[in-house]
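Down below are the structures I want you to see.
In what comes next, chain A is part of two complexes: it sits with chain B in the first one and with chain C in the second one.
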Partner chain A sequence: MKSIRRKAVCTALAAIAFGISAAGSAGAQTPKRGGILEFVVPDEPPSYDGHREGTFALIHPVGPFYSLLIRINPDNPSSLTDIVCDVCVGKVPAPTDDNTTYTFKIRGDVKFHTGEKLTAQDVVATYKKIIWPPEGVRSQRRQMYSMVESVNAPDDSTVVFKLKFASNAFIPALASPFNWIYQKSVLDKDMHWYEKNINGSGPFIFKEREAGAFMRGERNPDYHHKGLPYLDGFKAIFAKKESLRVQAIRGDRAAIEFRGFPPAARDDLVKALGKEITVQESVWNCGISFVPNHKRKPFDDVRVRRALTLAVDRWGGSKYLSKIALVKTVGGITYPGHALSPTNEEMQQIAGWWPDIKKSRAEARRLLKESGADLSKEYKFLVRGVDQPYKIVATWLVDQWKQVGINFKQETHPTGPYLNILRQTKEFDVSTDASCNYVVNPLVDVTKYLSADRSSIQYGQFIDRDVDAAYDKMIRLTDVKEQRKLMLDITKLTLDTHANQFSILWWHRIVPHRSYVKGWKISPSHHMNQHLDNVWLDK
Partner chain B sequence: MTGEAIAVRLPRADIEAELAAARRPFFKALGTWVRNQPLGTVSLLGIIFLIFMAIFAPQLSPFDPVVPHYDEMLAAPNAEYWLGTDQYGRDILSRIIWGARTALYIGFTCAILGSTLGLVLGVASAYIGGWFDLVIQRMIDVFLAFPLIILALVAVAVFGTGTDKVIIAIALPFVPECARVVRAGALALRELPYVDAARALGFSNLRIILRHIVPNCMATYLIMLTSFLGQAILTEASLSYLGLGVQEPNAAWGLMLQGGAEEYAESAMWIAVFPGLAITLAVFAFNLFGDALRDTLDPKLRAR
Partner chain C sequence: MRKYIFKRLLLVIPTLFGAAALVFIMLRLIPGDICEIRMAGDGGYFDKAAVDTCRGEMGTNKPMLTQFVSFVWGLMRFDFGTSMWTGQPVLTEVALRFELSLQVAIMSTIIGVIIAIPLGIISAVRQNTWLDYMVRGFSIAGIATPAFWLGLMIIIGLLVSTQHFLGTPWMPPITYIPIWEDPVYNLSMLIWPTVATGYRYSAVVTRMTRSALLEVLREDYVRTARAKGLWEKVIIRKHALKNAMLPVVTIIGLEFAFLMGGLVVTEQVFNLNGIGKLFIESVLNNDYTMTQSLVMLVVMIFVMVNFAVDIGYAWLDPRIRYN
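Let's look at the complex of A and B:
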């Protein structure tokens, strides 16, 4: 009886404690207005034009100055499908005309920072620049819109996208965080104006930039999402060295770095700051891979390429490398967990993903022997000169290959020369490679694995018409089940049967930040959810 | 007339001391040197230890320096891994021992290559003189205007990364430095009576250079060589630290620092401390030994 009473009292106390805590936390979750968010950025923007660039170094400091037509839901950015309107009205429209027409209604209260109204004409001019850039104007993601036939504005508040064929890839592609809405009148005068100037309609107004030091933005009082942003402004501090960025957060000179830190930095910050640090983690929509040069012997032989992938213990690598590098999840060529991606069980049927590494390596040795590859030679392994995760994974890979008797000499180059070798000279036997994407959109993301004459970012120089045919069929389908089947075919062809190029592990995004930073939620890409309009400081 | 002038500059006592030193048995001379140069002696012992470590690396190192032990990643120094392990679980002690081989191989190769080419260029420039000397010296002026690491970085950018290319990158900047110092000595030697006498006797220029000038430049050459050894080790470590020198998974001290110094400075400080210590001690040893050698070989310093 006593025991029951004690239990009841304990339960009641626990309930009260939980209630207080819940009430407290609910109170703490009420956004506060004001304050300046200081964050560190590992690099500086190469230009201010989001349509031409593809780097987080632009998105993080400049993204908050711009609006998008649609965007990933900032309150639910980890969702792979939750896309909401930014300058359009209501929900993202459903397609009509056999899923080939999308009609967007544009809000009437959106203003550029110059005070001029944003209309459907501005949206159309923006997307025409992105999809069909004039000669001499670079558009980094134009290939993502191959399904678009036309984009028009029948009036100042309506935008109509007409597609050549129905495609599930269209809406995620449209939500690219780089598709900043520019002003038509400015573009009409000078298509390059936005490369050196900023005039957006986003939650913050550009104030100043001190090259090599920082960039500052102030609250836009006329922002179209009423009541937002909460912050008075932000200061993006440029700091290339990781140790400096970690120390900046530790010393509270900055509250967050949005790209992501390696595990050691997270552990140091947590150890030093305890509850003052909150850590958000997510599978990253970036995969590290290696690509053999199909034009060089012995890597022109599918048996040698299969041996390379069979030698790699991805399941073991995930366990060990995740402790020292920002990689973790075992997956194929598409974002793990997406409806179109293979399950772990399906992946385990693919060479190189077999759970029994001894069996894999025995097969690798057999294939190498059968191929007659010269194993006395040291082959050239091109490595991008960036520690996380390239150099670390590369060192691990060399050891993996050594275990089946094939030796590689690492040749590390800074990013510029490295890309030059991949794109121009092609003097490598095998190279590290990566695929870093924005909105999770496997239908577009796998274009990297198409034949060399169709993909400008495929560096293995292979032509695989089977993969091309499967892709062309898949992109025209809208039935997810059928698409998934074809995606599995492409995965098997790429990684196993034709052994073209090999994913290793998917990156793991770790963002430790000061606990007073509220409202910001991690997404699978360091390019997404960077408007900062729902971020507030609990100070 | 010239002979008298020399007699004034070199007192008889000095000449006798020179001759006595030359006649002294090796071990006695060594004993005198040890007494006179205690720091030099310690540094010499350090260098001998380094050389021993480099030669017998396979026998001395407890583990293969490139083989990772993933279950022992970032292990603190313990009974099995005396200096701990790095982020790949590789034994740091073994990597330091093998790193000595890399450091000494690159150090000696660069120092010998740089100072020998410098000797040839300096002597040739001094002896030939005229427009040749003028052109060479202006080129040397240009090279000397840049710090060693900058020149090495430029050379790496031109030749690429990897051990062999790093050797060229480091040795190249040594050449003008040595050539300038050697030329100064060779210019004085060129005017001495015995060189005039050799010329009068009709000896060829090559013979005069090889038999009468180069041997008298050897003291300068050796001093430059030892000073280059430390510099070469440090520059190799710097290049490797910048990711432009020796490449993973090879064991090299600078590379060991590059891999984990910053990231694990707090959680696994042994990754940075021990290779850093190895670099410091090696460079210190070579520099001290170079100083001691200079004190021994330079007659002016010896007289003091």
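Let's look at the complex of A and C:
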């Protein structure tokens, strides 16, 4: 049995190694034209309007129809800072006027699929809709642009963003994969038109959709990046069940699923198909955390909350959980590896991240005793009813806490009721929580950990003015070193000193795909790099 | 007879109204908000004001009574409203999936009946022989085996066996093409789920055929026929089977109605874009308009089937009218 398992692991590793080398050598190959890329999408888009939705289920099938002002470099999507122009000219402009003005020159060769020219007026109308939506129009991420004072187009080829204050968060926020450029004349007539209709300027033209089944796009011959796209078209097939999506790749009914699979699915595919499968992996810009309810006893006591985090062996968990769940990297509240994030050495100074788990748990037991928390009671642990990674990590957490003498009973609910408890009734002692973001932008991503009256996605009900003050100071700085110092302060306050909420592990994105899919490179987010303009099929 | 039909028709109205009230209340008892699922579901950043705008768009911020009156008024005009999740008219969404669900239901019924009737007869006629035991084992296994599990096994079996024998793994298509556009493609997709559901279907019908036939075979008129010296085949076919078919036909009808909206998991396993899949998705998304409309559609189908059955019984057995 052991030898079979060893053989399977060896095959998997060999295939992954092959996949990585194949992906690496893909750049050297000459891309081939033609073909239809068939891929599976685990969910269906609720509407077609990127400005009002936040799901990857919209980005994957509809994103290829649209252009962005700027985007993550599709040839280097794993970089956290490589942002390039899409409909603008040259490089992303450097700010002027004390870093408060950004002037973009718009390309003259961009056309909407209706044939009309895309101008600076369209870009301005788009961003006005995103930042200052009229009443009754939903814009999901408008607060990301709180630093923007105005957007104007002095002429048809120039867009000027004026900021209230200089901010390093602005450019990554502008590169959001949801900021699709809409046509001003259409928005002037009907602000809701894009909810049910598609008219972009992206590499593919919308062909058809069968609700619940698939969406099809075909090559845009007038695409502004000359020579692209390589594909004749794509077909996005909606398939909810993970097992079916895995089998679809195995049976070649689909070539890829862009979101990500758990390790077992990767190993199954590699074992079954060997070199016909390429695997790409990355740290995912999604973190799983747990949040104590600060309004409930004994979790209103900072000692009890610290005990909870001290009980968790993150370094050991990374090793074992990564074999069965889509989590792996140990990190704090910001994306590991980003310039503003703490290093591993810095993290190891924080309670709960100490490398010596025995020492941590001894301290946890001491704190629990000192706090006088009732350890004979069973506390309620709210868990989102989704296997990967919530239920798996939650089961592991309950065992971790048990080891310091505090008992939890898992209460698992489907997403709707789970969110209702988390956001409305607040009837939980501790809950699982997650933060899944797009372009890595720690300055925006950490707003989750601000006080309850400032963050709509903070569920612990805590008020922490020290964190708020540090954040307000940090957001107005442009010096990265200074920002980093403040970010470390926020991290320590949140995870250790005030023990507000605790990250556990960062998700690990695993995309096994048919080896004939070339040009697509994995990024830290399943929302990014989905234009498919540089993807080609080696068939 | 006319008076009886009229009375039955009148009873349909309070039944539908009661079902509408029940489904409306029960759906609102499920905790959750479509707007929060839509925005907070991915764990990403979102603006609080957007949730309020969304509730305004969906109408979920209106008083319950207003929502209920609007729902019932729509039903009375056969206006099922628009899906809260997709924004498309409910009837358009249902119509898209109806064809596939109907084809699966018909094919499953055909497979089920073709297998079930002969097996049920053999089992009854050869009662307590090894043949009967085999048929009973086969049908009990059919009832005990969930169709979705069988479906999964079929897919995995196909992948493994084709890879082993042909060198390339093959699985059924995962997108639907109507039978008149590409019959081979269509059947290569739908034959597998219909086998999975048809097996369970056949098991139910086999057992019903067997017990109904056994009951009839013990009747006095069958004994009389045998005493007259009629051939056993003639007794079974002409005298017993026809009379035993009444409950079997009822079961076939009810199973057919169930298949139209009840293949919730099997449709997910084979990625069939049918009404069952739409049902489960609308429940998970807290899409009230879609769920309550689908429930009402199913209720209507069942009420109509029951109505037709009642009328049929009254026609077959006049005593029912007088009672």
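By our rule, the second predicted complex is superposed on the first by the 511 of 539 C-alpha atoms of A that agree within 3 Å, B and C clash if a C-alpha of one lies under 4 Å from a C-alpha of the other, contacts with A are read in each partner's own complex, and residues count from 1 in each chain.
Note that in this section contacts are C-beta pairs under 8 Å (C-beta built on N, C-alpha and C of every residue); 3 or more make two chains touch, one makes a residue touch a chain.
All values reported here derive from a predicted model rather than from experimental measurement.
In this superposed model built on chain A, chain B and chain C occupy separate space and fit side by side.
In the superposed pair of complexes, A:S243 makes contact with chain B and with chain C alike.
When the shared chain is aligned, chain C comes close enough to touch A:C286, but chain B does not.
Once chain A of one complex is fitted onto chain A of the other, the partner contacts of A:V89 are absent, as it touches neither chain B nor chain C. In the superposition on chain A, A:A362 contacts neither chain B nor chain C.
Looking at the superposed arrangement, the partner reaching more residues of chain A, out of chain B and chain C, is C. Of the two partner chains, neither chain B nor chain C is touched by A:V480. For the three-chain overlay built from the shared chain A, the minimum Cα spacing from chain B to chain C equals 6 Å.
Chain A residues in contact with chain B (one complex) as well as with chain C (other complex) are 241, 243, 272, 414. Those residues of chain A whose C-beta lies close enough to touch chain B in the complex are 241-243, 262, 264-265, 267-268, 271-272, 316, 319-320, 323-324, 385, 387, 391-392, 394-396, 398-399, 409-414. Every residue of chain A that touches chain C in the complex is listed here, in rising order: 40, 44, 46-47, 52-56, 135-144, 195-196, 210-214, 235, 237-241, 243-244, 247-248, 250-254, 272-273, 286, 414-417, 419-421, 423-425, 433-438, 444-445, 447-448, 456-457. Considering their complex, residues 30-34, 36-51, 53-54, 56-57, 85-88, 92-93, 96-97, 152, 155-156, 158-159, 163, 168-171, 173-176, 268-271, 273, 277-278, 281, 284-286 of chain C touch chain A. Of all residues in chain B, those touching chain A in their complex are 66-68, 70, 73-74, 87-88, 160-162, 243, 247-249, 262-267.
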